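By written order: A, B, C and D. Residues from 1 in each chain.
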Amino acid sequence: MSTYLIYSLGGAVIFAIGLYALLARRHLVHKVIGANLMGSGTFLVLIGLGNRAPGGTPDPVPQAMVLTGIVVTVALTALGLAITKRYFSATGLDDLDTDPREGDHP
Amino acid sequence: MRDRLKIMPLLASLAALGIIATTIIGLPSTAPGLSAQMNANAETIGIKNVVTAVLLDFRGYDTLLEISVLMLATVAVLSLRVPPSESRRRLTGESGLLLGSLTRLLAPFMIVIAGFLVWVGSSGPGGAFQAGAVLGAGGILLALAGYDRPAWVRQSLIRVALTIGLLAFIAIALLPILNGGTLLEYPDSARKTLLLLLEGLLTLSIGASLASLFLASASRGQDGGGR
Amino acid sequence: MTLVDHLPALLIIAPLAGAAITFVTERSVDRIVAVLTSIIITLFSGMLLYRVASGGAFRYEIGGWGAPIGIDLVADGPAALFLLLTAVVGTAVTIYATAYFPKDCGTSYGHGLFWTLWLFMWTSLNALFLTGDVFNVYVCLELIGISAVALVTLKGDADALRAGARYLFASMLAAMTYLLGVALLYSSTGQLDMEMLRATLTPDSGAATGLALMVAALVLKTALVPAHFWLPTAHASAPTPVSAALSALVVKASYFAILRLMLSVMPPGFIPGAGTLLGILGSMAIIWGSLQAMRQTRIKQWVAYSTVAQIGYLFIVFPLADSGADVLAAALGGVLLHALSHGLAKTALFLGAGSLMDRFGHNEIARMTGAARTLPVLTATVALAGVTMMGLPPSGGFGSKWQLVSASIGAGQWWWALVLGLGGLLAAAYMFRVLAVLLSDTPTEVRPTHAPVRLEWLPLALAVAALFFVFAAPFVDSLAGISTIMLHAGVTP
Amino acid sequence: MTVWLPILLPTLIAIVTFVLGEARSHARNAVNLIGAAVSATIVVWLAYGAYGGDVVASTIPLLSGIDFGVHADLTGMLFSTVASVLWFVTLIYAIGYMDHARDRARFFGFFALCIAAANGVALASDPISLFLFYEILTLTTYPLVVHSGTAEARAAGRKYLIYALTGGTALLIGVAWLTVLAGQTPFTPGGALAGVTGQTTALRAIFALMVAGFGVKAALMPLHGWLPGAMVAPAPVSSLLHAVAVVKAGVFGIIRLVNELYGPEFATSLGAAQVLSALAAISIIVASVIALRQDDLKKRLAYSTIAQLSYITLGVALCSPLAAAGALAHLAHHAFMKITMFFTAGSLAETVHVKKLSQMGGVARRMPITMTSFAVAAFALAGIPPLAGFASKWMLGAGAVESGSTWALIVYVAAGALAMGYMVPILFASLRKGDLDATGGLESDPRMLWPIVFVAVVSIVMGLAAGVPGSPAHWAMSAVLPSFGGVMP
């Protein structure tokens, strides 16, 4: 059970937990947190599997990918929270399942 | 509202976990990946921190799009904010003793750290994103402590600060095309200075972006906020 | 390296620079910058198409490093075609938007930030069509996702926010799954460039799982049934020009990535049964989307569900991919022709529907009677765009249906031909249901409009272009031949 | 290049008509009439060329490995000449008929487009091009069927589409399948499928699919359901489209299919022609019987058309030179005969507001010329010598005997009797005394009257001049001969 397996399998578990949260939780902020968990899990898998270089120095490409991934996750999270806040101030709801009201307008 | 356990999402995530775990276990225990070529090329261009070399030079195009993602998110959050008239309430009242004095102590220190991170990026872990994050945090801290924007910082100046990093990156990317190179092909002579200039401006933009991402949606809200 | 050699890079930098400029400049200048940028991009796309058609596909090594180290842009036949489609539809949407969004919209419509968001989306579309690196596809997908969500929530009302939120969470799920796929793919092959991946893919490595996750994520972004739940509300509650761009271009961008992965990166049968599964999902999309479109009472939801149905046609190429080079050539030409003609016709349909809603003041299809007499141009637009949706000659839709039917019969999988035939009939059902209302004689009053004429004649021009698009089929087929996909197909027996 | 004109010119006229719009009616009428005249002369000129033997052809590349082509051969030119000439005549009639109607620009525009598509069907040089124009014809006729916009019209339109588009899909799959098997097979007299060996089951299935596709417009029972309903369209539409252009396109497709795609011998060897002839025979009898009981004049004429169309289908399916020539001749003869009757029905409806036989009392006195023309056409249809109907029916009958299937002769004779059965009561109904409102003057609007008389006279002339070259009968004979090895048995 070499070290890279511990981290990458751990990452996989975190990804799964995040996936459950994103799919199952009704509250929008919980969904955003779930998405972040999925992101962190993926990054852990990336870094874990990037550490298998024979010479011991970790492969720089996964690290670059993780850095880019982090920035993208920040962007997605910011947008998610902004929409959640705006949707809350518009309808007083914090989940998508209850329909704000009937009817529709163009 | 307690969420009860939902079967379908549970099955989906367990299935995902199973597939991913078996794949990871099945992978060979040693795999060089691209580290050999990357290290070799990083030597030739003289950047000790290979990750920065990958981020800014070899896969600089990824970073260009990444900066665009961050700025796009800022524009998106700005487009979502409620018109300023409704949200004129300031974030908080006058700051308490602890927050006020702590901010006065930390703010200059954070700016120095940001500068250091930019400089060390070429040799050790650091660079534009890390420095930008520290700068952004400083900005948010100042706003939370109740320091309002100084008068000369008008809306247009903030927009320039937000885009200066991207505009610089585009300019530096187009430069080599004018004299025979391809996009983002830094001339060897000016590589170091160009990268440093680029990192500095990127830090400014990333700091401004992260701060406005927080402040744009936080500066209004029905219940919270000032007394 | 003349200007023409730099076209791939310029096609990405131009809209990106346009976006940055429009963010900094005052709002009145924005629309001028946007129109100028769209003209420049259309020019560049035309030049690139001519270059690829005459000189063949070529790679553009960013930073001069070359594939495994740096990122390469690939300008081949399909990419050039999609770029030109994006340019044409993009210019039409931009011109329509200059009339749709009021000059001084103050704090409405996202504080006038439409132009910046729109040019960012255009950047990401061009970037995705050109990129040859799977991780770069991830960054492009995110750019598309965020700009699309922001544009959907531009109106700021509860429906738009709801649709935007649902779209965003679908995008997040797709993003993380895709990235995990890239992680597994890179960890097992050590490559990120598509051409390099093709060379090093071995069936027994973990790459199959990685690629499966990536394709699954892209299927969610393309809203293929059953992962289409987020599309109808998002495309219907967005402002009209945005809906047109979403339906005509954005879903096609993630589809293009699937095309690259399934046919260019993976050798045939690399993921056993994947092609057939995608074909089955595509067939379900055609049937389910059409049935849903028949039930819609509101015009924009009706057009959105038509998109869900039309997306299904694009996936019929995958089960036919490994039945020999000539079947693949016909099927690939067919789906490209469908993507292009659907892009034109769907833009015309959405812009036309938007103008109809503006003139009638509501979006209930049942109350839009007598439009043929009072709004002849808009009725003609909906009718002509409908011809392409139904795949009747002489439209591009017919050309693609013909080539896909011939390919599926040629490959001995005649059942896809039945699905395509049924799809055409179902499309006729939901199209003529609305046309019959527009043609009915009970007159209803129509609001006078101050909107300039381009709101009506522009969609008609696009619909007419789609109507005669079958004559572009030889050109599209020749370009389908100049693609990395056919290169590999040519290699395998 | 001129071979494309019969398609492009009417399309151009349609575009100009749409652009001219509703207000400028005189300009629009002028454009249509002159345009129709010019395109009729071009078609006749091409037909003359075809008679001389030089078949003008032209193709443009279309889909992967498929050319889109047209050629002015004898068979095609006969149908195109009939359609173009009658378009000009119907335009005059329509201007009179639609004098105070609304949406006339839309009407005349789509009218021209239908003729362009019909000419396309006539001139197409291979099954794929034929299919292209065939489907365009469906699209351009729909707006005319629902022209009035009433609920009844829209329902008829919907029914028409369900039949036409389903048939179209069957045709698409058939043609695509054939192209995969045999490549692009341009129409060649005597059959173009020599290259395909074996595959008999596939070829039978393709034949069935294509007959289903063409059968919808050819009103082959049970695919005829839409035609009676489509009678709700304005009279000019019923007369030109639902008696000449649209329904003849279906039958024309079957003629191409049997004579110039499969070839008569091959179709008979496959057993397909026999099935087709049985279907046609059933259609003739059943349609004629139903026609007997129709009180609505246009519905009666519609069922008569269904029967007469199956005359042509049966003639082709008998696969003998005389019968095939008779079928092609009947295509032309029936067009003129039936259009006279539909014109009359329209004129009655417009002038004295009479739609049903029961209301036709006193019409003969009020509109003597119209009704005599109708009588001439009726007798011609029933096959009374020396009128047009007799000429083609005689050829069909002789062909039936020559092909050895005498039962077909019996069917034709019985159908002739039935035709008398449903035509004569119309004449008697008009001769009865009736309380017609005496307000209007004698006869109908002259713009409606003279076209009726013209087409009636042509019905007579075609009968008398059956043997003269240039007459439809002779024309059909020389058009069909190459498919049977160029020799009269």
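Everything that follows uses one rule, which is that a residue touches a chain if its C-beta (ideal position, glycine included) is under 8 Å from a C-beta of that chain, and two chains touch if they have at least 3 such contacts.
Since the model is a prediction, treat every value here as computed from it, not as a measurement.
Chain pairs A-B and A-C differ in how many C-beta pairs are in contact, and the one with more is A-B.
Centre-to-centre separation between chain A and chain B, using Cα means, comes to 17 Å. The distance from the centre of chain A to the centre of chain D, with each centre set as the mean of the Cα atoms, comes to 67 Å.
With centres taken as mean Cα positions, chain D sits 73 Å from chain B. Centre to centre, using the average C-alpha position, chain A and chain C are separated by 27 Å.
Across the assembly, chain D contributes no residue in contact with two or more other chains.
Chain contacts: chain B has residues 20, 24, 27, 31-34, 38, 59, 62, 66, 69, 72-73, 76, 80-81 touching two or more partner chains. Contacts with at least two other chains are made by residues 135, 139, 142, 146, 149-150, 153, 156, 180, 184, 186-187 of chain C. Under the contact rule stated at the top, the pairs of chains that touch are A-B, A-C, B-C, C-D.
Against chain D, in their complex, chain C makes its touches with residues 329-330, 333, 370, 372-373, 376, 387, 390, 392-394, 398-399, 401-403, 405-406, 409-410, 414, 417-418, 421-422, 424-425, 428, 432, 436, 439-442, 470-471, 473-474, 477.
Of all the residues in chain A, the ones that touch chain B in their complex are 2, 4-5, 8-9, 12-13, 15-17, 19-20, 23-27, 30, 45, 49-50, 52-55, 57-64, 67-68, 70-72, 74-76, 78-79, 81-83, 85-86, 89. Put simply, chain C touches chain B in their complex at residues 1, 6, 9, 13, 16-17, 19-20, 23-24, 60-65, 68-71, 107, 110-111, 113, 116-117, 120, 123-124, 127, 135-136, 139-140, 142-143, 146-147, 149-150, 153-154, 156, 180, 184, 186-188, 190-191, 206, 209-210. Residue ranges on chain A touching chain C, taken from their complex, read 15, 18-19, 22-23, 28, 31-32, 35, 38-39, 41-42, 45-46, 49-50, 52, 61-62, 65, 68-69, 72, 75-76, 79-80, 83-84, 86-87, 90-91, 96, 100-101, 104-106. Chain contact summary for the complex, chain D toward chain C: residues 60-64, 102-103, 106, 128, 131-133, 135-136, 138-139, 142-143, 146, 148-151, 154, 157-158, 161, 165-166, 168-170, 172-173, 176-177, 179-180.
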